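Chain nomenclature is as follows: A, B, C and D, assigned in order of appearance, with residue numbering initiated at 1 for each chain independently.
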Amino acid sequence: MGVESKLGNFGVVTTTLEQVVNWSRTRAMWPMLFGLACCAIEMMAAQASDYDMSRFGMELMRASPRQSDLMIVAGRVSRKMAPVLRRLYDQMPDPKWVLAMGDCCSCGGIFNNYAIVPGVDEIVPVDVYVAGCPPRPEGLIHGILTLYEKVTGEKIDHWS
Amino acid sequence: MMEKKIMDETFTVPIGPQHPALKEPSHFRITVDGEIVTNAVVRLGYAHRGIEKAVEGRNWIQNLYMLERICGICSHIHATAYCLGVEQLAGVEVPPRAQAIRVLTAELERIHSHFLWVGVAAHEAGFDTLFMYIWRDRETVMDLLETLSGNRVNYSVNILGGVKFDINEEQADAIRKGLDYLEERTNHYLDVVSNDAMFLQRTSGIGVMTRNQAEVLGTVGPTARASNVARDVRVEAPYGAYFDYPANIVLEERGDLTARFVVRIKELFESYRLIRLILDTLPSGDLETRMPRRIKEGETVCRVEAPRGELFYFIKSNGTDMPERIKIRTPTICNMTSVVKLVIGHQLADVPMILVGIDPCFSCNDRMVILDRSDGYKQQWTWEALRQHGIDYYHEQHS
Amino acid sequence: MGSTTIMNNIPNLVALLIFPAGLFLLLCGLFYEWADRKLLAQLQNRIGPRWFQPLADIIKLLAKEEVIPDGVNPTLFIGLPIIALAGGLTAALYVPIVGLLPSYGLPGDLIITIYLLSLLTLCLGLAGSNTLDRFSLVGATRTLTQLFSYEAPFMLALLGPAFVARSWQISVITTFTNNRWLILSQPLGFLVAVIALMGKLELPPFDAPEAETEIVAGALTEYSGRGLALFRLGKGVALVIGLTLIASFYLGGVTNPFLFFVKTLTLLLVVVALQALLTRLRIDQTVGLWWRYGTLLVLAQWLVTIVWHGVAT
Amino acid sequence: MRKNPLELLRGLWTTFRSMLESPVTYQYPEIKRPVRERFRGRHELKRYENGLEKCIGCALCAAACPADAIFVEAAENTDEERYSPGERYASTYEINLLRCIFCGFCEDSCPTEAIVLEQNYEVSFTSRRQAIYTKDLLLVPVPTNGRQTPMKVPPGSFERAVPEMEDAK
């Protein structure tokens, strides 16, 4: 775990620290540069000038899973890709979040056959699902804001 | 040089399945000596979706939406190829207005795809400013497509026997206005990719493919045309409205990355011309003809020119309301061999550029997945094992 | 006795820990990093990050789990970032940060500063070669290669003003260059110094060592939490020091702090514009550029300066 | 750089010209950019002026849906409890938004233009269960001077199995 494992409960100190840390995490959540299909195109569109995600501290798509906090699964996950995806998730240091972008990775979407994992939450725990095929960049950003709300409410003792 | 001393032994740099240079999963094993690539192996199948099997379980109309989702960039052209094939089988004549609108959408899609590619390639070259500008201007096309069809990526403009949407006058004006802006910008980008000396350093003379190579390796589309191979389905075997609106072929001599940039950017002008022509002389008439629910028995092939090159469909019907077999061959799989050949002898830093030079679309090209490999590697995941390996593991951890 | 020593040392402690080195310097580094990213975004027609962005990044990284991969030497893995940051902070003691006179000074501290600055790059290289990851290895090799290519021109370019000031002590040089705009008399030296600074900080177009599309994150691929934060801070500090050195040497010294601040920001704007304009160079192209053009340019500058002074005296 | 410096500078100038433009970013959460009229967002179940539901529970949309995202269960209307002008109404109407691919095929197949893809694209959930939109979530509010369903109507005011309406597109 991150800072949480080193912390006992110091009452008010913990709460303020909690607020500061959550603040920093929601302001600087670095996504991993990890595209799978059509949705990756819209994810890149959200990175580009028009829907500039650097406003939310996502300026740097981290290429290395070691440095990323958020895995945006953009596109359907094939059976062959699933173990790789889980390994990438393991390589990310805690705390880490997963956002399932689009139908295919949320629940298989239109593909329900032998080759597709019916929902990436069969492989890794997912925090936020964004519907759409693919979602607009605004939709993706809305999903990210939903995730931020979720993270802001987190407590230190829930972390570890 | 320094590197040689430190890493004298050759080792393999794995690129993928997850790698910043790849926007979609695929796997390359690059054997480098210092920084020089000595061998490259490509391994596909990470984006295999079993679509060819899945379409056999849906009726003809539902397959339209299924096949549209083969590719997130060139979705319309997939649907068009499928529709053309099915209409051939059913012996249905599509009204000219519908055909014109199909071609118009296809050309708009070509514009968006080429813009996207130039941006991505600039990003690979480490020229993020160009990436930002290109994608900013690409939004114009996306808005036009959204105005036209109501969606940014999977337009679902086609329906069997026609198109779903009409174009009214104000939309036509919007498209014209957008094209004027894009044309001006495109001139600017053509100037950049052919004059910016720093950019040329990364592109000119890199990944040179001679005309002979291009023909032997069976490349298609802009990749081939950049090596002066006159290969364009719109010209050599026109389909749909391309009879009435003939397209001109764009060729380049050099065959290096610069040529691939220039070819694609010059094709944009061709698309602008076609779209304006279609908008000015849009034939009147209704948008669709009646299609039978069951397609009569038979089989057919259908070739169209996707933004990346020739797209091939084989469709077999057994007289029911579901296809018996649909085989798809996408342009990327034809061009993939050229990458493996071309990277050898280049710097490691050039590999992403050369790879992206063919405009790869891995979700397109993964039509099959190997279960039994020759080297005896036989790891196969049953669904239960995968689930156990995945979410169950984390649930145990948290409980 | 003990108390008196403490009393005597309090100014030093303050200078070391809070101002001008230490905390204040870190905040400066964060600010300049933000200005860099914001300006870059503006040039790319984006809005860009909010003002607290680098601070949030650092806090988040500090509160994050630090993964120590197998096969590394843990001591090195944890120690190297600290050394890098310490080097930067120490270097700041000899440099007129925000236009104040340097807290310490001794003859020849220019050399010390330059080498403390390159300590950061060395630590980067070592950190990369410490891990087993292939990408880190390639990144480390590229980092060191680049170090060897730009170090000499950078040094020579900074020694130009030292030559005309007849001293190797930064404070002396800055007092000499007050209201003397050496950029006019040594334009080539200035150019080389700025570009070499970009190479030192691995900013585009010299970011081949951390080119994400080729080698994932370069030497820092395996660094997750604290280590990454410290390295980022170190780079921020190095950016401040480099800008300060060049501005104070070439742009008319450190007459008043506000003016000096403006000068550094202008310099930063130039750097950012170059970043936005140029495509990433391949590592061999970088080396070629430095040895084929950079060194020659700065040597020519030296020749001119020497001849000129020979004529003048 | 073996090219002559003039060429280099010209190329740089070409890039530099477009750097002096103002940002184009749509600051999304604060400023929402209106979508095009044809945009296909989240579905809505429409009502008639008098408050009756347009959906007659024929489940054609469910049959047409390429992604099997729609589930419809129909029940008989009575004059005491009338939901739709038709013979039957949808007692259960569920759309799994995480399955729906927003292709608009349900819209085309609906005989009474009951289901319409509206312009709301802000559909993100923290659990898959939230993504299943039930009828009360999909149904639009009763228009003014309309009555809440189920409504009691005089007997014999609706006989047709499918209400008469102008030809659908």
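What we mean here is this: a residue touches a chain if its C-beta (ideal position, glycine included) is under 8 Å from a C-beta of that chain, and two chains touch if they have at least 3 such contacts.
Small disclaimer: the values here were computed from a predicted structure and weren't measured.
Trainee: Between which chains do we find the greatest number of C-beta pairs in contact?
Mentor: A-B
Trainee: Greatest Cα-centroid separation from subunit A: which chain?
Mentor: Of all chains, C has its centre farthest from that of subunit A.
Trainee: Once you find the CA centre of subunit B and the CA centre of subunit C, what distance in Å lies between them?
Mentor: Centres of subunit B and subunit C (C-alpha means) sit 43 Å apart.
Trainee: Which whole number of Å gives the spacing of the CA centres of subunit A and subunit C?
Mentor: Here subunit A and subunit C have centroids separated by 34 Å.
Trainee: Could you give the separation in Å between the centres of subunit A and subunit D, each centre being the mean of its C-alpha atoms?
Mentor: 27
Trainee: Between subunit C and subunit D, what is the separation of their C-alpha centroids in Å?
Mentor: 55
Trainee: Scan subunit B for residues touching two or more other chains and write them down.
Mentor: 19-20, 65-66, 69, 129, 132-133, 136, 154, 196, 198-199, 201
Trainee: Of all residues in subunit A, which are in touch with two or more distinct other chains?
Mentor: 33, 49-50, 52, 55, 61, 63, 110, 112, 121, 133, 136
Trainee: Name the residues of subunit C that each touch 2 or more other chains.
Mentor: Each of 41, 43-47, 135, 212-213, 216, 276-278 in subunit C touches at least two other chains.
Trainee: Classify the chain contact graph as line, ring, star, complete or other.
Mentor: Topology of touching chains reads as complete, every chain touching all others.
Trainee: Which residues of subunit D touch subunit C in the complex?
Mentor: Where subunit D meets subunit C, its residues are 1, 12, 15-16, 19, 21-25, 27.
Trainee: What residues of subunit C sit close enough to touch subunit B in their complex?
Mentor: My answer: residues 43-46, 129, 134-135, 137-138, 141-142, 144-145, 148, 204-205, 207-208, 211-216, 276-285, 287.
Trainee: Show which residues of subunit C lie in contact with subunit A when the two form their complex.
Mentor: Those in contact with subunit A are residues 37, 41, 44-50, 52-53, 55-57, 59-60, 62-67, 135, 212-213, 216-217, 220-225, 228.
Trainee: With touch defined as at the start, can you tell me which subunit B residues reach subunit C in the complex?
Mentor: 1-3, 6-7, 11, 13-14, 19-21, 35, 122-129, 132-133, 136, 196, 198-199, 201-202, 347-352
Trainee: If you look only at subunit B, which of its residues touch subunit A in the complex?
Mentor: Result: residues 17-20, 22-25, 45-51, 53-54, 65-66, 69, 71-73, 75, 116, 119-120, 131-133, 135-136, 138-139, 142, 152-154, 363, 366, 369, 381, 386-387, 389-391, 394 of subunit B touch subunit A.
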